[in-house]
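What follows is subunit A paired twice: with subunit B in the first complex and subunit C in the second.
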Partner chain A sequence: MNKRALGDRGNSLVFTLLAALFSSCLLLLFFSESFLDSFALFFINPLTNRYYLGNMIAFMVPLIVAGLGISFAFESHNFNLGGEGQIYAGSFAAVLAALALEEKPVLMIWIVSFAAAAAAGGLIGALSGILKRRLAVDELISSFLVSSIVVLLVDFCITGPFQDPSSNFQATKAIPPAATLPKLLPPSSLSTGIFAALLVSFIGKFILARTRFGFELRLCGANKDFARYAGIDEGLYALVPMLLSGALHGLAGALMVFGSYGRMLRGFSSGVGWSAIAVALIARNNPIALLPAAAFYAYLDAGSKSVMMGAGVSPEMVGIIQAVIFLFITATRLSFFRLPGSSLRSALQDRAADRRKP
Partner chain B sequence: MKSVELEDIDKYFPSSGTWALIQARLSLLPGQIHAVVGENGAGKTTLMKILAGLERPDSGRILVQGKSVKFNNPSDAARLGIGMVHQHFMTIPGLSAAENILFGSEPRTAFGLLDRKGIVRSAADCAARYGFSIDVTRNAESLSVGERQQVEILGLLYKNCDILILDEPTSVLTDQEIRALFTVLKQLKASGKTIVIISHKVGEIKAIADRLSVMKDGKSLGEFKTSDISSHALSDLIMGEYESPRKKIKTLPSGQDHPVLELQSLNLYGQKKKSSALRDISFSVNEREVLGVCALANNGLKEMEDLLAGRLKPDSGSIFYLGKPYPKLRKAPWLEGGIAYVPSDRIGRGSCAERSVAENIVALDRDYFFPHGLLDQSKAQARTLKAIQVLSVKAKPESNVSQLSGGNIQKMILGRELSEPPAKLCLLCEPGWGLDYASLRRTYKRILEVRNKGSAILLLSSDIDEVLELSDRIAVLHKGSLAGVVSNGPKATKARLGALMMGLNSDDDRLTPIGNKEHE
Partner chain C sequence: MSWLDTATGILASALAAMTPLLLAAAGGLFTELAGMLNIALEGLMLAGAFFGFAAASATGSLSLGILAGALASSAIAWLYGSATLRLKANAFITGLAANIFAPSITAVLSASWFGTKSVVALPIPEPARIFQKSFGKLPLLGGVLFSQHSLSYLSWILAAGAALLLYRSVLGTRIRATGARAEAVAAAGFKPDSYKLAAIVLSGFFCGIAGASLSLPLGAYVPNMSSGRGWIALVAIYLGNRRPGRTALACFIFALAESFSNYAQGQFGIPSEFILAIPFAVTLVALSLGTSVKSE
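Here is the complex of A and B:
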């Protein structure tokens, strides 16, 4: 990689982040009653207030783990847009396992629940991989559609057969309190799940950078034709990365339930899958860079929530701010970074070229 | 008509730490064909990219009509009538030839929409004015390589370029297409255009160029009138004397009756057409033998390569390697049961541009380089240096392949596939692609060394000279069928092979039966 390319990339990343911050300020200026108060609530409160700081770091957990799932898919040139459904199904499977094992030792509950979450997410991801391999169905479309169906199915379960009869919430029964992960900054929802997320990202980095599996995966992502030429079964890498990606999403969901929520609430993880894509794009699929990227994204998220609670900015406004941030991140990434395998745009161009081939 | 001067151009590439150009000079006279010649990596393409506004010089001046100019991008150069056709064509598949020619300056209707009829008319007018016989309504995908090149040239002519730079224009063309190109170039010259061709083929330069400049290691060695310099003197100037390796290396007798690769009545049907892409192909390649297969474009060479690369499946027939069914996934050439394969598509298939030279070698043998699943850096480094040395690639193991010149990429692939110990079977497709004489000589020598060590070599090439240079036997494909197999000897002349490739087959010149027994 030459210096100029690195410089360009650094500049445009700084530009992206500044633009996201600047546009948030601008919206606050126009729509909040007192700009200075809102500004303080947005930018400073998340760092000084124990509750917001804890929640912010807690939100990093699913962003890092699901972001790693996205990175595995993107690095191998697979497009997993089904994160939402995979997270949701993963957490549901984890809750079911935990409820079934209520009386058992905590360690066993953890192992079985997290395995169930990974399996549920992984199966959904693998489904798109299988469809791609067998029937040449575009995984970008199939993962998204399958995920939409899964979300509705899980919603049905939560509000129907598995709803907690003693509660008015649209939620399942709570998992055994002993099985929830220890809290770090009460009253915030931060738990020891953050250490699991850090561990997972370091393992992810190691796999991608050092192992044979990671090498083959990235090679298939960079140039499928060359990978085949080198004797790699590229069909395998349409399937396995999607499976892994789904499994990591499922795990992210389980960490949210065990770390923060303690039960499955309807729509509790809505939007996390999309946010994870933004985080992976900022981090350029680098598992270590996911940590600062997730921190930045969670910081903006915490800021907007703090403003919503403290300065009477409407939730819709906060939604718009987040959408603008997302737009900036994806738009600038797509126009500036044209590295094969790592950017959507070049990938979409490749896709168009592939289609035209006889 | 303009004169152009490049004076004392320096260009440093910090990424590879090399001076691509050192005080390079060039002067172009209007209405002449000027050749820029030199070895791979001599700086020819870089100098021309500077003239076309694609690269900026570190120092030096560009003078057009005696006035100093600065190009920040290709549009600046185009405004002064300078345009370049690249070695790798940039036609856009899915668009018609006309749309490609007018790309970026299409006529519009009153409502601002594309004027489709106008596009076709303007493109056809442009083609007719310069004597091109191309059907501009065809889709770019369906055009042959030569026609795509014409589209690119027409694109420049449409934008009123009067200085046309062609980067190795003949390297991808068949003999017929080269002749057609030269006719076109002469017509363009007659209409007052100035043409610069980058080349390292002495014969072509003598045939077409009025003047030439020689470059070596980024420096200009001088400018000559083509008529003032003999072919010998010119090739000496570029790389030293050329000698056919076949005359130098004593070839050992082929191992008859020891077939390494066997193709048995292979049939492959065409995509949409009723005709078949390959029809009833049977032959075998023996130990210590080079079998050259040559054909014109679109006659089945590409399909044969894809069959042996596992990218296409035959509709009937079978392929055997050492008596066993041909492997689905290729093993690295230096492994037991491995196959050396130099693909014709060196950028897309033979290398991964976004990865380092070392990774391009590591990729082939993951069992060896990833003991216990983890990369062994020292093994990778050692193997890479070995592969680079075979044909002295000008690159470091850690440099990105995308930074190498076309010839260097080809040398990297050849070095990797033909390093020690050689594979029992070598599938070489257009191995001489883009190589200068010195590298070509080393490559051919290496191929014959590998042959003498007992490998069976299947050479797929559209270059008759290359096939005659290397082969023990020569098979000719015409419209997907074997037009004949001849032993390489006095009887195998260029004219005879050319006739076979064109499908002309006279009775008194009856060919020997297809098979592997025949040897002189």
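Here is the complex of A and C:
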């Protein structure tokens, strides 16, 4: 990769973030009654209001942990699109474990529940890895399909056999209050889970950057043929990153339940998996960069929630902003409209890109 | 005779269920043959369903509804295609953008136009069952074939038209050539990217009609009413080995599975979550079998 390409990637990130902010403003302008009021609600309220600030940081927790899961998969060139189902199944497994161990010591509940969450998510992720190795099924499609099925099955369990009979919500019973993570900024849902997320991202950085496993994983992602000639078992790296990725998604779900929700509500984590992909893309799969990326994303999310409460704008706005991010985040060239001479320049860029290819 | 009635009933609803699948697959065939992975079919269908319904309810005309759905979806496809080709972005991620954009923009517009983000049901004209009166009384297959509404027949004509366009026209030949050997197209003095963009916009056009064929016969727009059909259409193309005839056959098989599971739901009281999971499960199994057959 040469300097020019690196510069383009940096520009594209700045451009993407600006496009996201710009489209947010545009949407406020179109869909709110008073632009200035909603502007303040969107951009300032999340930072000054204790409730929104706490919820914003709380939302960073699953984004960081699941985003790390995406990074592990994407760095090894495995496309895990099953995050939605892995998060949902992971949190369900954690709740089941916590409910089964109700009377046991808190530490034991934590260990078993989080292990169950990681196992559930990991198994679902690994299934796509196995399908890829054995039957050459594209993991990009299979992980999405498996996840869609899993979400529906968990929905069935929550509203059927495991529904809390004493509640009107479509939800399971609450986990033992003692087992929930301590709250940091009441009344918001921020808990000590944020420290776990920070720790996980540093461990992830260490594994990717400083271990043999991380090195081989990145090598398989960068150039599969080269990795094979170097004697690396590439089949292993089709499976293990998917397993790890799924396990981290499961963990993210468990952290949401233990940190914020205290029970499984139907659809409570809907959209978190896709958001984690956006965050990992903004962070370019760098575990440390996940922190500011998640903060930026959670800020936009908190802003749209605040403006929804205060000015009656739809929460789907955040979906549009997310789409804008996805549209531009992988751009490797920035001349959307043809400027004079730009087609020549892009032709030269293309040729340079071709020459860079192996 | 009741089992026979059941069988013809399932078959008739399978043909109705095939309509959106066939149209979406026809659209997806353009991008597939142009050598692109187009996962945006799902979102493009949803946009077609919403804008088609909104236009039909505003004008009271089904044809204008279909046209509006096709144009709105083509516009989104153009945006998605331009980002992918001009900015050289990852087609999968931009496709994801389109799939996230469609349900969001429809929800926002639905709230602002119809005052609700859930089901919108407004009186619009019902698509005519044009052959019902003259041929609908024919026994067995006759009744099945001629009891469909006009959108189904339109989908058959359009699907055949798409195949003709791809295989018997200059544009189609160049689109396929772009997919097979983009360098050759460039060497012949044409721009491969222009033909790719044309393929994407055409896929948007067909997906828009596919979406309209979901909402217009129902007389309502339901959020996320495409419910995975775009993905199934994509898999139908893979199973059909990118050939129009086989793809249509795969669409019919998926539609048969859908209508059978609907029947099973009514008959045996199976929870709706399991029914909703069937298309994804069938797709997964078909994909596993399909690729293992291909690799042998």
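The working rule: the second predicted complex is superposed on the first by the 307 of 358 C-alpha atoms of A that agree within 3 Å, B and C clash if a C-alpha of one lies under 4 Å from a C-alpha of the other, contacts with A are read in each partner's own complex, and residues count from 1 in each chain.
One rule holds in what follows: a residue touches a chain if its C-beta (ideal position, glycine included) is under 8 Å from a C-beta of that chain, and two chains touch if they have at least 3 such contacts.
Since we're looking at a predicted model, the values are computed, not measured.
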{"item": "Partner chain in contact with A:R210 - subunit B first, subunit C second, else both or neither", "value": "first"}
{"item": "Touched partner set for A:G319, first subunit B, second subunit C, both or neither", "value": "second"}
{"item": "Residue contacts on subunit A - larger count, subunit B or subunit C", "value": "C"}
{"item": "A:F31 touches, of subunit B and subunit C: first, second, both or neither?", "value": "second"}
{"item": "Partner chain in contact with A:V137 - subunit B first, subunit C second, else both or neither", "value": "second"}
{"item": "Interface residues of subunit A shared between complexes with subunit B and subunit C", "value": "none"}
{"item": "Subunit C - residues contacting subunit A, complex", "value": "79-80, 82-83, 86-90, 92-94, 96-98, 100-101, 103-105, 107-108, 111-112, 117, 228, 231, 234-235, 271, 273-274, 276-277, 280-281, 283-284, 287-288, 291-292, 295"}
{"item": "Of all residues in subunit B, those that touch subunit A in their complex", "value": "14-15, 93-94, 141, 271, 309-311, 329-332, 341, 343, 345, 348-355, 359, 362-364, 366, 370, 373-375, 400, 403"}
{"item": "In the complex, subunit A residues that touch subunit B", "value": "1-3, 210-213, 215-216, 219, 222-223, 225-233, 339-341, 353, 356, 358"}
{"item": "For the subunit A and subunit C complex, residues of the former touching the latter", "value": "27, 31, 79, 131, 135-138, 140-142, 144-146, 148-149, 152-153, 155-156, 159-160, 274, 277, 281, 314, 316-320, 322-336"}
